[in-house]
Amino acid sequence: MNNIIEIKNLKKYFAVPQGTLHAVDDVTLSIPEGKTLGVVGESGCGKSTLGRTIIRLLEPTSGDVYYNGENIISKSKAEVKKLRRDLQMIFQDPYESLDPRMNVSRLITEPLIINKLYTGNGEREKVVSEMLELVGISEKLKGSYPHELDGGTRQRVGIARALALDPKFIVCDEPVSALDVSIQAQVINLLQRLQESKNLTYMFITHNLSVARHISDIICVMYLGQVIELAERYELFSNTLHPYSQALLSAIPVPSTHNRRTRIILKSELTSPLNPKPGCRFAPRCIHAKPECFEVTPELKDVGNNHKVACHLV
Amino acid sequence: MENLLQIKNLTVHYNMETSVVEAVNDISLDIKRGETLGLVGETGAGKTTTALAIMGLLQKARAEIISGEIFLNGESLLDKSAKAMQKIRGDKVSMIFQDPMTALNPVLTVGEQIAEVVRLHEKCSRAEAAARAKEMLETVGIPSYRYKEYPHQFSGGMKQRVVIAIALACSPDLLIADEPTTALDVTIQAQVLELMKEQIQKRDMSVIMITHDLGVVAEICDKCAVMYAGEIVEYGTVEDVLDYPTHPYTRNLLNSLPSIDGEIKKLQPIEGAVSDPTNLPPYCSFQNRCKECMERCTEGNPKLVEVAPGHWSKCFQHYKESEAEK
Amino acid sequence: MSKIHTPAMDKAEQKRQKFQKRRSTPFTDGWRRLKKNKLAMVGLVIIIVYAVIAIFPSLFTSYSYVTQDYTSLFAPLSRDHLFGTDNLGRDIFTRVIYAARASLGISLLSVAVSLFFGGVLGSIAAFYGGKADDIIMRFIDILQSIPGTLLAITLAMALGKTVVSLMLALGISTIPPYAKVVRAAVLTAKDRQFVEVSKCLGANDRWLITRHMIPNSLGPIIVQTTFGIAAAILMISSLSYIGLGIQPPTPEWGSMLSDGKQFLQMGTAWPMTVIPGLAILIVSFALNVLGDGLRDAFDPRLK
């Protein structure tokens, strides 16, 4: 299968008063066409920065991103603007991501106007109606303003806006995290249906491992800017190798009183990837850490079954 | 076991500019001493309003208690003066808020903020209060030398520990925790839940755990009440509600969650959205989203029915065998 | 969804639709809140009356503001001369009415000048940040550190005693508050996520500023403009009072006050000062309460 997106040694550093923040540090990944790559990790692990850098909403410090074999990073701003149509993003907060002064119909037309698409008479209205039907919003809500809609409907509007440009690859940045549980499932099902019908490729960023497992084909776990484990979903959940992934998995509260898992409680808290020293970034919190872990940065190595892990102990 | 807190037929409305939000509608709840109750529901289900009503912290300008009574240790809280409620808050009843970032005063050290609560409610010297505060910091897993540090020097999880220390400082009879771990990362949430579990077991304290996360309920609670559109739709032990749910909403909700193990199946979402709280129908408010609704569901609002000993559910389905009402 | 259908459901649905008929947009919501504020509505009515008088002064009086009638100097209030006449026998009511035209026109134009320059400078500073922000805001700080009245007087003297120069003098000296308000508003709007979303959809900088940031920062800008008009009216009167503003024989409240002050000792000449004084007071009061009302209506969090 061909990879629609290939990320090679991507780095994104931010200069902050205290030094350099290695938000994304040497990430290499590829996403096959029509599949979903789940990116999981806790706040500050660089997952959102990664998503934004891939589609050049942020300029990377170094590294390359290939879209269908073309290097996106070396392209000029004007060329990127053309590519925008193919590479879209769905955002987390459906309350903040819609302009409160625009109604549904205008919100969906906006991307068409910006990109000068469907200029013919009445064509845009037709596209709006198509999009509304596609994401399951009643025509009656065309004139409504965002504050009149519930969270799920707003997120559908956000999805419709991205889809209006007929993209091939969509970065979904925590698209269901701000939604109520009963609405989350609606949006997840919608995203899956759209993927099937339009052969979309997703990068699905989330902190929720159950959601990641449900929607992704491949899952990568990030910790402080680096990918520490990468595997096909069943493999990752049945054969979790990295101590951090294990702890993350065990920490999820399960809504049932049976099959309680033994919980690994990590010591201390997440630090930030500020001026990192060599060595495993998880070592200070790791219960299995050896002296070596504090000195040598572990490589992401293949342990078979397309399962990669960055840990000295594996 | 005796009842520590009793809520009887509580109804709270918010009077907005052009409409009335029916936030809490005729709920009754009993919480026994030493019991942890999970109050579960989605945004706007009325969880926080219930908590604020117990605390006497409802916004006076907007909120109106239409009916109902709240008893703590047999004393009616709604009859108490503002001053009397002040004495109770932080002492007998205390609350943990969702966002630890805004719950702490940025210009006071964390130690001072704990000591402040102690001095407000107990006659003791400054030094005694400081000693108590240090002790509390250690209790929640923060070394006491950090007494003199300011909130911004703490991470989110540590701040929430400080908030917990403040809430527990006067050994309350009742602790209300409003989504205490929602703003935290999963591994930090695990730490904080562990801490809360430990403290709940150690102290003979009742807890109301407000959350939208059924996993958290399974983790920490004894009893569980599921709220929908301002009403309690199901109540029972955690085993009853999570493992043998009877109300269609609870069952649907559990089905709409992606699971962490087993085969991956298509999710079964609850279609539609919650009814507008300013315009609830005169019948079952879940009817419009319910896959199992019957003719009868639009004829009136069902009452909670005891489907098994101690397990209540508010649905006409249970009326089949007996017309028993609460 | 549900397979059943009952009359009770229809009834609930009807009630719901009736309830939803009222359109709710950010603008109509603000207007609804403004309408509830009685004092602000009084202010609004006064401003409307003032604007109508300023635009159509001839509808309200049959006299001309220059006609002098030496047979009735310092006439008292009467049916013929509602507010009496002045030292040259001119009808004070007529002059007060025609004076509204000058102060409204010039204050609007001067506010337009400061809003334009302040708006452009403020939005550039906020949007591009960094060096551009530093340079622009230091320039604004310098401009603001010069006392406004003095700056206006100096500019008015340098540019000559024409209406255009008065307008420019007022406009330029009041740029700083507008630049600061616009900058703050755009900075807030800039960080909102829907701006990033539009960027992701391919929008360029101009689109982001004009379609998203400015429309979403209109609230504070409108409020500032309302207060600005009030301040400009006062400033025009002050400048005219000291002889730098509107030149005679065109009537202006400030210069009328100034004319009247020499006859203050004469008991019968009181309308010459009191009437224009009251006019200034009422209009600036109305604009100020309207401004407060608008601020509450557009930003209810501040209440």
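Order of writing sets the labels: A, B and C. Residues in every chain begin at 1.
Just so we're on the same page, a residue touches a chain if its C-beta (ideal position, glycine included) is under 8 Å from a C-beta of that chain, and two chains touch if they have at least 3 such contacts.
Predicted model, so just to flag it, every value in this text is computed and none were measured.
Undergrad: In terms of C-beta pairs in contact, which two chains are most connected?
TA: A-B
Undergrad: State the chain with the largest centre-to-centre distance from subunit A, centres being mean CA positions.
TA: For subunit A, the chain whose C-alpha mean is farthest off is C.
Undergrad: In whole angstrom, how far does the Cα centroid of subunit A sit from the Cα centroid of subunit C?
TA: About 48 Å separates the centre of subunit A from that of subunit C.
Undergrad: For subunit A versus subunit B, what separation do you get between their C-alpha means, in angstrom?
TA: Distance between chain centres, rounded to whole Å: 32 Å.
Undergrad: Can you tell me which residues of subunit B touch two or more of the remaining chains?
TA: 271, 289
Undergrad: In subunit A, what residues contact two or more other chains?
TA: In subunit A, no residue touches at least two other chains, as defined above.
Undergrad: Applying the document's contact rule, which stretches of subunit A touch subunit C when the two form their complex?
TA: Subunit A reaches subunit C through residues 55, 57, 81, 84-85, 88-89, 91, 93, 96-101, 103, 110-111, 114-115, 143, 145, 147-148, 158, 161-162, 165.
Undergrad: Hey, which residues of subunit C end up touching subunit A in the complex?
TA: 23-26, 192-194, 196-204, 207, 211-212, 215-216
Undergrad: Which positions of subunit C touch subunit B when the two form their complex?
TA: Against subunit B, subunit C makes touches at 1-4, 6, 8-9, 12, 15-16, 19, 22, 32-33, 36.
Undergrad: Going by the contact rule set out above, which residues of subunit B touch subunit C in the complex?
TA: 17-19, 271-272, 276, 278-279, 281-283, 287-291, 293-295, 297-299
Undergrad: Going by the contact rule at the top, pick out the subunit A residues touching subunit B in the complex.
TA: 42-43, 150-153, 180-186, 188-189, 207, 209-211, 213-215, 233, 237, 247-260, 263, 265-266, 269-270
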